[in-house]
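Read the structure below first, then the notes.
Labels run A, B, C and D following the written order; every chain starts at residue 1.
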Amino acid sequence: MKDNKTLRIGLIGYGLMGRAHANAYKRVGDFFPELRYRPRLEAICGRNQSRVNAFAEQWGVESFETDWNALVARDDIDAIDICTPNDMHAEIALAAAAAGKMVLCEKPLARTVAEAQPMVEAVEKAGVKNTVWYNYRRVPAVTLAKQIVDSGKLGKIFHFRSNFLQDWTINPELPQGGEGLWRLDHQVAGSGVTGDLLAHCIDAAMWLNGGIKDVSAVTATFVKERTHQLTGDVQKVGIDDACIFHCHFDNGSLGLFEATRYARGHKALFTFEINGEHASIRWDLHDMTRLEYFDHDDQSVVRGWRSIHVSDSDQPYMDRWWIPGTSIGYEHTFVHQVADFLKSLETGEPCSPTFADALETQKVCEAVLRSSESKSWEDTGVTW
Amino acid sequence: MKDNKTLRIGLIGYGLMGRAHANAYKRVGDFFPELRYRPRLEAICGRNQSRVNAFAEQWGVESFETDWNALVARDDIDAIDICTPNDMHAEIALAAAAAGKMVLCEKPLARTVAEAQPMVEAVEKAGVKNTVWYNYRRVPAVTLAKQIVDSGKLGKIFHFRSNFLQDWTINPELPQGGEGLWRLDHQVAGSGVTGDLLAHCIDAAMWLNGGIKDVSAVTATFVKERTHQLTGDVQKVGIDDACIFHCHFDNGSLGLFEATRYARGHKALFTFEINGEHASIRWDLHDMTRLEYFDHDDQSVVRGWRSIHVSDSDQPYMDRWWIPGTSIGYEHTFVHQVADFLKSLETGEPCSPTFADALETQKVCEAVLRSSESKSWEDTGVTW
Amino acid sequence: MKDNKTLRIGLIGYGLMGRAHANAYKRVGDFFPELRYRPRLEAICGRNQSRVNAFAEQWGVESFETDWNALVARDDIDAIDICTPNDMHAEIALAAAAAGKMVLCEKPLARTVAEAQPMVEAVEKAGVKNTVWYNYRRVPAVTLAKQIVDSGKLGKIFHFRSNFLQDWTINPELPQGGEGLWRLDHQVAGSGVTGDLLAHCIDAAMWLNGGIKDVSAVTATFVKERTHQLTGDVQKVGIDDACIFHCHFDNGSLGLFEATRYARGHKALFTFEINGEHASIRWDLHDMTRLEYFDHDDQSVVRGWRSIHVSDSDQPYMDRWWIPGTSIGYEHTFVHQVADFLKSLETGEPCSPTFADALETQKVCEAVLRSSESKSWEDTGVTW
Amino acid sequence: MKDNKTLRIGLIGYGLMGRAHANAYKRVGDFFPELRYRPRLEAICGRNQSRVNAFAEQWGVESFETDWNALVARDDIDAIDICTPNDMHAEIALAAAAAGKMVLCEKPLARTVAEAQPMVEAVEKAGVKNTVWYNYRRVPAVTLAKQIVDSGKLGKIFHFRSNFLQDWTINPELPQGGEGLWRLDHQVAGSGVTGDLLAHCIDAAMWLNGGIKDVSAVTATFVKERTHQLTGDVQKVGIDDACIFHCHFDNGSLGLFEATRYARGHKALFTFEINGEHASIRWDLHDMTRLEYFDHDDQSVVRGWRSIHVSDSDQPYMDRWWIPGTSIGYEHTFVHQVADFLKSLETGEPCSPTFADALETQKVCEAVLRSSESKSWEDTGVTW
C-alpha cells in the first residue's frame, strides 16, 4: 500500500454492481470519517473500451483497463473488486490472490463448489484480505435482526423461512445471454435463481440461524427455449427459473426456501422470518427500513407484531445517516460493507462473509441443485 | 315484565339497523348464556305493511304493527327499540318513556339538542332503562383501547384524532330523501355527516378522552342540488357533505375530526388515534380486529407500533366467540351492546351510553354545526 | 323429510365445531330467506350427558342424545352432522349413510385414505347428499379469488403457495389428548398439523389450482413427549408438529406448503398466494376481509397490489349482510356453507366439497406423510 | 462562472442540512452525467472554526470560512446555499443576491412574510437563479403523485389532508435553543411546527392542489417552560408545539392539516392524501417508496387501494438508480433537487419552488399563526 491511508481499488465490471461498488467507495469517507483507510477507485476495467471509458469519465475514475490481467498486474492497485459475470470470478480471484492483492468478490462466489474451493485456498494461502458482497447483511434492519438473534431473545428456534420472488423473466420473448442478460445463460451464470437469489437467502439464513445440514429441493424451468441475444439462435434454457427447498438446520429447526422469477407482482421480494420459542422476526426488502418483531413476553392483551422503523441513531449504522423517520436505501448496504471492510483492515479481523463463508453458501446451493436432480435429500457438507 | 327471564322487545324500523338489532336479540342468548334476561323480539313495527310483514316472516317475529303508537301501547312489550329515521326518535322516545317502557334508541339521539334534551328528561323522569346504539364502543379492539386508556398507561394525552370517511354520495345523480336515502334529507336526518358519522367519532372521543370543551368547524356541501326521490323535484341540498373540526378537550389535549362522504376509496373508514406521553393507540373500522399500540417503554431498538389481533379469549368479549386468529364482525357490536344492556338490568347500573351521555355528543355535534355557520369557535357546554 | 320446508339436523359433537354449526343452522334463514329448506337443529349428541344437556339448553335444541347410534336411528332426523374428533368420522358416516341420512362431516374427512374411501362409497351407494366442512372456501374474499381464477384472468399459473401457522403448542407442559386437546393425540387425530391445518391449504389449493400430482415433504415433532391428559402418563408424541412440502400441480405449476403450531406470533395465519402469467392473488385469514390482487395489465407507473376490502354487495355473499366497509367474520363461512348445502337440495347439484372431493385432499395428506417417512417424492394418486 | 461546466457552491451551515446538501452536490454528477453543469462544493462556512474545519476535512471541501460575509464576497463562488437557522436566511440571501450570486435557501424561506418578501424582490431584481429546498417534492412517489394529479385522472378534488407527526420534544427536560435545538427557540426559528413541519405540508399541498384561500387554525404549547441551552435560564416556550388547521383551496376542496412534535410513536410521519371524484392518492414518508392509489374506474369487484412500489425505471427519477424493488432514501431528494437546479441553468426555466413560490407557503404559515391568535378565519392572500 502506497501509504497508510489510501486503499487503491481496481474494479472489474461496470454493470449494476460496478456502479453500486463505485458509489460505495466514493461515499464511505464522508460518512465514516473515523476510518483510517480511505478507498480510492484507482482503475475501472471492462472489455468494451468505449463503455469502460464512459464509466471512468462519469464516475471520475482516473484510469481504465480493458484486460483484467493488466489490472491485476498493476503496482498501484491494492485490492481487486470482482463485479464480472459469475464465470470470471474464479480465474480473476486466483490471479489477484497470486498477485498479493486483497480480493472483494461479488456473490455468488463462483458457479460451483469446484470453482469456489480453490478460490478459498488461494486467498488463505496468499493471506490476503477477502470478502464476498452478500450486501443484504448490512441492511440496518437485517443487522438488527442479527443482534436480536445473538442476544438469545428468541430462545430455541423452530422455523426459518425465506424467499426471493421476482417477475422479470415471465415474457418468453426475453432473450437469454448477452448484455444485461447473462443471468439467464447457464454457462455464464452457473445456475438460475439458485445462485442469483437463493444464495442471498442462504447466506442470511446461515448467518442468522447456523448451518444447513441437508436439503430436499425442486426446480422448474418454465420457459424451455429462448433466443440467445448474442447468437440469435433459439436454445434450450439451462437455468432454473424457480427453485424451492426445505432443509434441516444444525440447530434442529426446519428451513423453507423459495426463489423464482415468475412471481407476478413481486419485483425483488426478498424476505425472511425466524420463529423462536419466545420471539419471532421477519423482514422484507420491499420495505427494507422496517423490521417486524413479535415478543411473546409482552403482556398478552397488548401483544402483537411490532413494526420497527429502523432509522434511529441507536440502531445499526443509523448514527451515520440522517434523522429518525427517514430512510436510507439499497446502495447504503454497499457503503456499509466497504466501511466494515476498511475497519477490518485496522482490526485484523476477517470481514464477513469471507470467501470461506461464501463457500459454505455455495455448498448449499450445489446440494440444492443436486437434490433437484436426484429427487432425494442431499447432505450439504456445510460446517458453519 | 311478564316474568323475570324474558325481555319483550318492540322494534320500530326494519332497515339496516332494524336487521342488525333483530339479529343481536336473536343471538345473544346463545353466546351469553349466563344472562338472567333473554330478549325476545315480540313485535316489529314499520309503516309499509307488506314490508313489515315480510320482515316479520323472514326473522320469525310473531307480530307486527304499522303504527308505532299501537306498539308503544301494547302491554306485552317491555322495551321499545327505535330504529327509525332521526326525525322520529324524539316523539317515539317520549311516548315510550311515558308508557313506562325501556328505550333503546339508534344514534344520533335526535336531530338537535332541543329535541334531545326532553328525551333525556323523559327517561330520567320515568326512571326507565335507556341506551343509545353507539355500537362501535363494543368492537373488542375499541373496548381494549378503552381499557388501555383507563389503565393510565398513556400518561398525559396530547392528541386525539378521528375521522369517518365514505365515498357513496359522490355521484350527483344520486337522489336525496326517500327509501334508503333519508340520510341525505336534511329535514329527516337533521344534518349530514355530522350526525351520521361524526357522532360516532365524538362518542368514541369523549368516552376515551373526556369532554370536548370548544370547537372550530367547517362544513361543505359539494353537490348543491339533488332530485328528491319521493317528489321528483330538484331541491337544494341541506345537509353537510363533509365536516371538519378541531377542538380542545377538558384534559388539555387537542382534537381533530373529519367526516365526509366524498373520500373516494373509503367505504367506511372510521378511525381514531390517541397520542399520550408514554403510549399511543390507533384503530380503524376497515380492519376492525386489529388495534395498533405503541409503547414508548419498550426497549428503544425494538420499539415499534404493535399490530394486536384482538381475537384471544383474554381480550374483551372474545371469550364468547371462536378461536384465536379468527375474526368476528360488525354485527357482533350489537350483540355485545344487547348483552351489556341485559347485564345492566341485573346490576342496576346504567348501560352506557345512556340518553344523557348521548345528549353530550349531540351538544358537540350542534356546536360543530353552529361553528361552521358562525365561522368562529363555539363552546359545547358539555359536562362529561 | 317431515315436510318440504324443514331440514331436521342431528348434530354430533358440542365442541368448537358443534357451536359453529349450531350457530349456522340457526342464522341461515334470517339471511337467506329465499331458500326453500330451513334447517332445524333437532337434536344434539355427545358422550357427556351434563354437557350435552347444557349445550341443548344454551342453544335451544329440543332434544339430546348421548349415544350417536340412537341419534342415527331416529326417524325425525334428516341429516347427520359429524363434529366429533376425527377417529369417529368414518364409523358414524357409514352408519348415517346406511340409515339413508344426509351426512355433513367436519374436515378432515377421516384419519386415513383407508378410512375415507369407504365413506365415499357409502354415501354414493346410499345416494345421500353429503358435504365436508372445508369452510374457508366460503370466506367472501376466498370465493372472490376463485371467481378471478375461473375468469382466466391469471393466465398460465406458475406458483401456488400456502401456509397455516399457529403457535399454541410451543409450551412443552401442554398435555396431549383429552378434552380440548385431542388434536395432539395421534390415535384420535390421525396426524398433527397435516390433517388439521394443511388439509385446509390443500383443499383450497386444489379447488383454486387443480390436482396435486406428487409431493416431497418433511415433518418435525419438536416436543417429543407430553403427558396425556386422561391417563397422566408421559407418552411419546405421535403427531407431526410441523410439516412442509413442495409439489407439482397437474397444470405444471409448483406448489409450496407449510403448517406448524410452533410459529411464535401467528395465531391462525392461513394464507395462500397464486402467481399467474398476468395476475396474482393472495389472502390471509388474519385479515380475512381483504383480498390482495395484482394485475399486470394495469398501467405500469401506477401498478401495485390492490387491497380489496371484500364488503360490497356485488362481492360474493356480501349482499346478505351489512354495508360496505363493515366486516363479517369466521362464523359466517359456516352460514354460507349451510346456505349452499340447502340450495343444493333444491338444485340437485352436489354441495362441494363432497366426500369424494375431500377424499382427494386426504390422498394428498397421506402422500405428504408417506413422503416424510420415505424421504422421497410420492405420487398422490389424485384425480381432480 | 469560471467556466461553463462547474458551478462553484458556497455552503453556509454544517448541520443536518449542510450534510444533506454537501452529499447531494458530490453525488449528482455520478448519476446525472448528462448535465452540462457540475457543482463543486468550493467552500463551507460556519461560525465555529474547529467544527467547520472538521466538516471541510470530512467532506473534502477545499476551503472554509467563519464569516458568511466573506464567503459572499468571494469571486470564486457562483452560488450561495443557505443552511443556517431560520433567523439568518433573509440577511444572507439579500447579500448574496446583491453580490449577484445564485441563492439556494433551506426552508422555510424566512421566519415571517415581512422577512421573506424582500428576499423575493432581491433575487428577482438581481435576476439570480433561486430555489428553496422543499425537498419532499422530489421523492419519486411524490413526483409520481404530481404526475397523476396533472394527468387529470382524479377529476374534481374534494379533499386534501396532510400531517407531519413527530414525538421528539415530549420530554420536558429537553432544553430549548442552542446547538441542535434552535428549532425550539422562537426567536431563531420564527415558529415551531408551523414553519418547520407544516411548511412542508403546505408546499406539497399547493403544488399538488393549488392555492389555499383561507385558514382556521389552533396551536398548542404543551410544555410551557424550558431551560435555554445556552443561558441555562428557564424561559417561557414561545413556539407552537402543535398546530392544526383546516382551509379552503381555490379549487373548492377542503384542506385539513396537522403537525406536532407530541405524537408518541411517530418519528417523522409526513403524509398527504387527495380525494378526487375518480381517484385518490396517499403517501407517507415512513414508507416513502410506496404510493397508494385508488382508481374508481377499476372493475368494482376487484377495486382496492394499490400499493405502488415506486422503484421502476419508468417512474420519476428511478432510471438513475438501481433495480426494481430496491429503494432509494431521504438523501436522494436533495440529489434530485440539485439535478433539477442544474438542469434549470441549462433551460433557463425557474427551478421550483422558487423564492416566489416559497413566499406563498410563508403566507399560509403566517395566516395559520394569525388565525390561531385571532381565533377566527384568516385569508392567506396567496396567489398560486
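Just so we're on the same page, a contact is a pair of C-beta atoms (placed from the backbone, for glycine too) under 8 Å apart; a residue touches a chain by one contact, two chains touch by 3 or more.
In this text, all values refer to a predicted model and were calculated from it rather than measured experimentally.
J.: Please name the chain that ends up farthest from subunit D once chain centres are defined by their CA atoms averaged.
T.: Measuring from the centre of subunit D, the most distant chain centre belongs to C.
J.: Could you compare the number of C-beta pairs in contact for B-D with that for C-D and name the larger?
T.: Answer to which pair has more contacts is B-D.
J.: Hey, how far is the Cα centre of subunit B from the one of subunit D, in Å?
T.: Going by mean C-alpha positions, subunit B sits 42 Å from subunit D.
J.: Please report how many Å separate the Cα centroid of subunit C from that of subunit D, as a whole number.
T.: 55
J.: Can you list every residue of subunit D that touches 2 or more other chains, as numbers and ranges?
T.: Counting only residues that touch two or more other chains, subunit D contributes 266, 290, 305, 309, 312.
J.: Which of the residues in subunit D end up touching subunit C in this complex?
T.: For this pair, the touching residues of subunit D are 144, 147-148, 290-291, 293, 295, 298, 300-309, 312, 314-315.
J.: Please give the residue numbers of subunit A that touch subunit D in the complex, ascending.
T.: Per the touch definition, subunit A meets subunit D at residues 16, 20, 22-23, 26-27, 29-30, 33, 57-60, 166, 168, 266-269, 285-290, 309, 311-312, 321-332.
J.: Under the stated contact criterion, what part of subunit C meets subunit A in this complex?
T.: 158-159, 161, 165, 167, 170, 216, 218, 220, 222, 242, 244-246, 248, 252, 254, 256, 258, 260, 262-266, 275-280, 294, 296, 305, 375-377
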